[in-house]
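Two complexes, one shared chain (chain A), two partners (chain B, chain C).
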Partner chain A sequence: MTYVQVVLNGILLGGFYLLMAQGLNLVFGVMGIVNLAHGAFIVLGGLGVWSLYGAGVNPFLGLVVVMVAAAALGAFVQWAVIERIKGTAKQHELLTLMATFGLSYILINLGQQYWGSDYRTIDFLQSAVVVGPLRFSLALLVGVVLAAVITLGIAFWLTRTRSGTSLRAQAQSPLGAGACGINPRRLRLVGFSVGAAVAAAAGMLLVMTQPIAPQAATNFTIVAFVVIALGGLGNYKGAAVGALLVGVVQTVSGYELGAVVQAAAPYLMLILVMLFKPAGLLSRKASA
Partner chain B sequence: MTDPTPTTDRPAGGSLVAGLMSRSRGPRHTGGRLPSTRSDVLQIGLLAVLVAAFLSWGLLGSLSQNQLAIDVAMFVALAYAFNIISGFTGYISFGQVVFFGFGAFATALLIIHADVPWFLAAVLGGIGGAVVAVPIGWVMLRLQGIYFALGMFGLAYIVSLLLSQWELTGGSTGLVVPGVIAQKPVLLGITGVAVLAFAVNAFMARSPFGLRAMAVRDDEQVAEAMGVATTRVKVVTFTLSALMPALVGGMVAYNRAFIDTSTVFNPALDLQVIVLVLAGGIGTLWGPLIGAVVLTIVSDQLASSFPDYQLALFGLLIVLVTVFLPGGIVSLANKVGWLRREIVRGTTDLPTEAELEKRLTAAHAHRSPADTDAELLVCRDVGVTFGGVQALREVDFTVRRGQTVFIIGANGAGKTTLFNAIAGVVTPSKGSIVFDGQPVVGGAPAHRLARRGLARTFQIPRPFASMTVWENVYLAALGGRHRGQAQEQAAWVVQVLGLEEIRFHASDTLAVGHRRMVELGRALALGPSLILLDEVMAGMSDEELEVVRDAIRRMPAFGVDAVAGIEHVIKAIVDLADEIVVMDRGATILTGAPTEVLRHPEVIRAYLGSGVGLGVGSADVPEDVTP
Partner chain C sequence: MSRSTKVAVGIAVSATVLAGCGGGSDDGSAGGGSSDEPITIGATVSLTGAYASSGTNVSNGYQLAVDQINADGGVLGRQLELDLQDDQSDAAVVGRLYTEFLGTDEVDALLSPYGSALGGPAAQLAERYQTPMAHSQTSSPAVFEGTEWNVMAGLTPGYTVLADVPAFAAENGYTRITLVNNDLDAFSAICDGVEDGIEDAGGTLVDRIEYAASTSDFSSTALRIAEGDPEVVVECSAIQDSIGLTRAMDQGGFRPAIIASPTASDPAFADSLGELSARAIGYSEFSESLGFEGSEEFVQGYDEAYDTPVNSQAAGAYATVQVLAAAIEEAGSTDKEAVNTALHDGSFDTVIGTYSVDETGVQTGYSPILFQYQDGAQAVVFPSDEAGAVAAQLPY
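Entry: the complex of A and B
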């Protein structure tokens, strides 16, 4: 029975990871860049909720606050940095990679100055839900429900609304989208700030279930990247598969083989999957 | 020879790094033998003066000055090491620190357990690092772009995690390395490594090997097709770029007297190196040096003034550089004409065409077609499917030595797919392709096929963007030739195709016709026995058409046994072709002499649709059909 419990926990964790990866996927989908500062947005969002909680603010209200703040910060970053990077497509890819890498260190460092390097968590919804012989943390369950709501919200936005459709059009062909009268600058701004807001939301859920600190940001960037890389970059359905897989593999390997393997698992998965399925698990053709 | 007209200095396109490279485009660069010796002496002299000045500053000063000098030398070495794999070869790595850590632990363990003198231990650690880099590179370099960057990051993380669990490496508490803290010898050692790293970069910047690495960076698939063994080039450059960090890591371990996994596998070290290289100018010879010296001293000041914000300041620096100075400090110097890439690899005066022709004909004499009419390429019943789409259904296609064959057919008929199958880029789902007596294996490294004598052009020209026209052609000519011979070959190609005037132009600034000409030039420079031309004449002026037609006529004299082309410009091929093959919806439907084929009703139908009143069967039809 414990094994079922471990796997189920892994699935719940996967739901989390999906949310963590959504923002990254969105930004990649819109701009074709991997935002290496994504993990920093997650961690700072979580720590923001932690501070607000300390000041007596309900975490759900805190969630709204940090999402708005992260959206604003994301918009600023897009406007002040990313949008100003020039060059051809490939140059641009390298430079944005570097710029977001630099950005992540700015955010991590500032976060460490403000919150210190201690790992912090909030004591909220800590009771357990017992279903027959299985026990689940309430925080984890609420987190997964929230993750599902946000994921579905994004899906709805992308497929059913005008701005979401424009966003997807821009992702597929910036030139064509421009020809249809879509303003790519504004769209990129929206994409990046929504990505940042979703990252911050993931941070709130994270801080309820595990201790986080600024220096863990890179780790979350990697996990989020592994999730979307497993599913194929920019592929929304693939990301869900990737998230569940990473969650389950991580909890099971942690249970079977210990904490070190658990920590190394996402990295190993990244390298192995990229070697054998470079276009993601859902890709039909395994290119060499 | 007149100077080519100066072109603008706008950044080039191309691969991740290519465009960031500063390099010459102007008339300054027409000159010099290969590579300009005066500039060599100048640069070596400059380097010697710099090293002497640096050592006298570092060795003679206070203890803290010694330490700062060690840091400067360390970052110079690391920056140049990073520049080899990421600047020249174009594979950005976020995890070169794994070799730094390897060297550090190997050296520490040798000193502790085997009592090896520190210098020897560091050298052994460095060699060990280079040795482990071979299998690591062989596996990891299959990843591309961001995947490679993050894959290396992950690898460093995993190795660090594992070593922190291992008792031999001191676990999470670390190792104390015995020995007196000797800064001056260590400074000499690390400076030596830095000079070595510079030398490797200088070699990369001007040797045929470096040219191959840059070809990998600009376009790996084309590099393969031009006979470059890309995997080998990548692994060798990766190994070189692992050697230096491992050497430095060992020396630093001895210098610091204490190491643990979190300090020697610190990803911030990689971050810092990336900043230095970017700020100086990635992919350039002097950029990493300038970046490392300037920024290490600046950061030393920053660290003592703002100890808590060092990482943030570095992050900010990266952001500023990417936004405001994407070419690095070197690009500033380039604007006033300093520090440009001094490698053109071409002489100012080309030997006359007649002379070259004489020499080359002599060189190719042994290959003259003794067995004309033998089958060179045989495709039988070839089919290719992509997912559910059948791109090729049934293709039978034979090219004999001495023949010039053109394939015509409507868009989507599968012509380029057929070429891709012949070149081994796509794997047929059925049928067989035999080139020169040996089967073509789909997915096998394309450079082997290129070395066996199969050259191709790409339908959309893909010149190596960061190279000049001459370098594009010369690179292809290098496949399996000595330098001198390759130069003659390239010089001949450049003249035959009328590219002399523009041979020192950056290939990404060319007009379409010239791009196609470069594409053709590269294929020709390979000296193939079969050359596949994928619509080389599309978009060319009548004048350029004549040049290409003339080149095709002269090919047999230079070892090209047969030509197979895809062409829409039918008027240009009627008198060139020995045979025309018509393809329609994934199958070859007709083969024969040009006049015969072009009058065939089936061809007219396939080309012009089956409409009535198109003069089907009448004698004066399609001489001029250009869809």
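Entry: the complex of A and C
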């Protein structure tokens, strides 16, 4: 029964990772923007919820507030920085990488100035749900539900709405999309805003499940990259599979081999996937 | 010496070489003779960056002690002048600032920056320029190995801080202990001390579980702990790990009789864990109830100056200035060699106990006490015959 508990813990953890990765999957996987500031958006969202919780605001209401604020910040970043970077697609990817690398440090430092460098968490939904001999963290259960809702929402938006399909179209062929009357600037603005808002939502869950500080932002960016790389860039089903796999492998390896191996497991998985299935776990054929 | 400390030392030494500064003062000329001029003490603290919170506590402690000593007439009839700079929690900045202090030979003595990672490079510069440095929050004995001008004045080595937990547990009828430690040297050292304490107290080590510093999910670790069914769990962990681990054990349905953490004294521990912090055990080097030299004046002054409760870091910093001032008094001058000798050979009363160091400058005089969160406050519970100690409320 302990093993069942370990695997279920991994699935819950995977849901949490999925939520962290979805914003990046949209911005990087769909729009082609290598957003190294993704973790900073997550952390600032979480710390925003922490501040609001301290002021007596329910974290779910706080979630709405930080998602709106992050969307606005994301829109500003897209308008003021990303949109102004010129060059070929390859140059653009490299330049946005460097720009968001700088942006991540600006956001981290602003976070440190405002919140300091102490780790913060909130004492909310910390009980466990007991089902027979099994126990589940309530915060992580909420996270799985939130991740599922957001994943389905983004998938629906990208595949079933005009703006979503237009966003994908302009990412694949900006010239062709423009010829069809699509306003690529506005779409990219919306896309980056949604990515930032989803990152902030992950921050809300994060601050309920573990203490966070601005300087920890980079770790979350890396975890998000691992998940979407495992699943295949822009592949929403793949990201879900990747996230669940990372979660389960981490808890099982942590239980069997110890927490030192647990910490290294996702990166080992990433190397293996890059070697043997570089297009992601759900790709039909390996790409060069 | 830990890897991070070695890197930090390397950065600082490089900074020194690049700065092209000359050797130190052999004659202690900054203020060796009698004078009416202030006695200058140089220090950096982390007012910004990763250690800003702790650095501010240290800064408050340093400044308050200097202000109170000056208000009482100073040292050797001279005022203390504290040159306090922000090192931004950055070892390279520490190297640059201490090089500036020492290269111009305008300081009579030094206080350390916050923590072993920054205290290490500062210690190397104090050696190079042969200027006494009193460390307030450098807990790693490795920093002091091979040095002659550095002393640990504001805390005890990490090895000792929870070493009494097994004796405390045995006194309350619990002997089966599991240790969980972050794999950084500083945390491993804390668990090493507890492990030796288990042997001395006649307890049993059920398991010792190590985890990587980057670990954030403790669900599997909690399950492994529960399988051993220990009565006592000692978390040799950073604050964020202690919070995560304590929550994971609770959510996994496992509650040992005693939980102890070196970071329990951090206000974030109780704030974050809420009811789960009740009855947890931590350590402190300062409690007003212990009644050490100047405690009342320190607590009152701290409250007036900063309008916030005193904490162990500020107390350690305050004690460090007390030690340095007493050493200058004992030396009878600010001659660096004489002050250094007094720091190494002397024994001085402070707010955290009676200071003394071994031949390497590592603290031997202070004895940390164990406290327990009772009704939201930290109550001294061990040694049980300590002034102000109360009965422990167990199980956790």
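Just so we're on the same page, the second predicted complex is superposed on the first by the 284 of 288 C-alpha atoms of A that agree within 3 Å, B and C clash if a C-alpha of one lies under 4 Å from a C-alpha of the other, contacts with A are read in each partner's own complex, and residues count from 1 in each chain.
Going forward, contacts are C-beta pairs under 8 Å (C-beta built on N, C-alpha and C of every residue); 3 or more make two chains touch, one makes a residue touch a chain.
No experiment lies behind these values; they were computed from the predicted model shown.
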Quiz item: A:Gln126 contacts which: chain B (first), chain C (second), both, neither?
Solution: second
Exercise. Kindly classify A:Val260 by the partners it touches after superposition: chain B alone (first), chain C alone (second), both, or neither?
Key: both
Quiz item: Does the superposition put A:Thr2 against chain B (first), chain C (second), both, or neither?
Solution: second
Quiz item: Counting only touches as set out at the top, which of chain B and chain C does A:Thr165 meet: first, second, both, neither?
Solution: neither
Self-check item: Touched partner set for A:Ser51, first chain B, second chain C, both or neither
Solution: neither
Practice problem: Kindly classify A:Val81 by the partners it touches after superposition: chain B alone (first), chain C alone (second), both, or neither? | Solution: first
Exercise. Once the structures are superposed on A, label A:Leu270 by its partner contacts, choosing first (chain B), second (chain C), both or neither.
Key: first
Quiz prompt | chain C-contacting residues of chain A that also contact chain B | solution = 113, 260, 263-264
Practice problem: Give every residue of chain A touching chain B within the complex, in rising order. | Solution: 34, 81, 84-91, 93-99, 101-110, 113, 218, 222, 225, 229, 260, 263-264, 266-268, 270-271, 274-275, 278, 284-285, 288
Self-check item: Residue ranges of chain C touching chain A (in the complex, touch as defined)
Solution: 48-53, 89, 183, 209-212, 214-221, 223-224, 227, 239-240, 243-244, 247, 250-253, 268, 271-274, 276
Practice problem: Sort out for me which residues of chain B touch chain A in the complex. | Solution: 11-20, 92, 94, 139-140, 142-147, 149-151, 153-155, 157-158, 161-162, 165, 267-268, 271, 274-275, 278, 308-312, 314-319, 321-323, 326, 387, 443
Self-check item: Contacting residues of chain A [partner chain C, same complex]
Solution: 2, 5-6, 9, 13, 112-113, 116-123, 126-128, 130, 135-137, 210-213, 215, 219, 250-252, 254-255, 258-260, 262-264
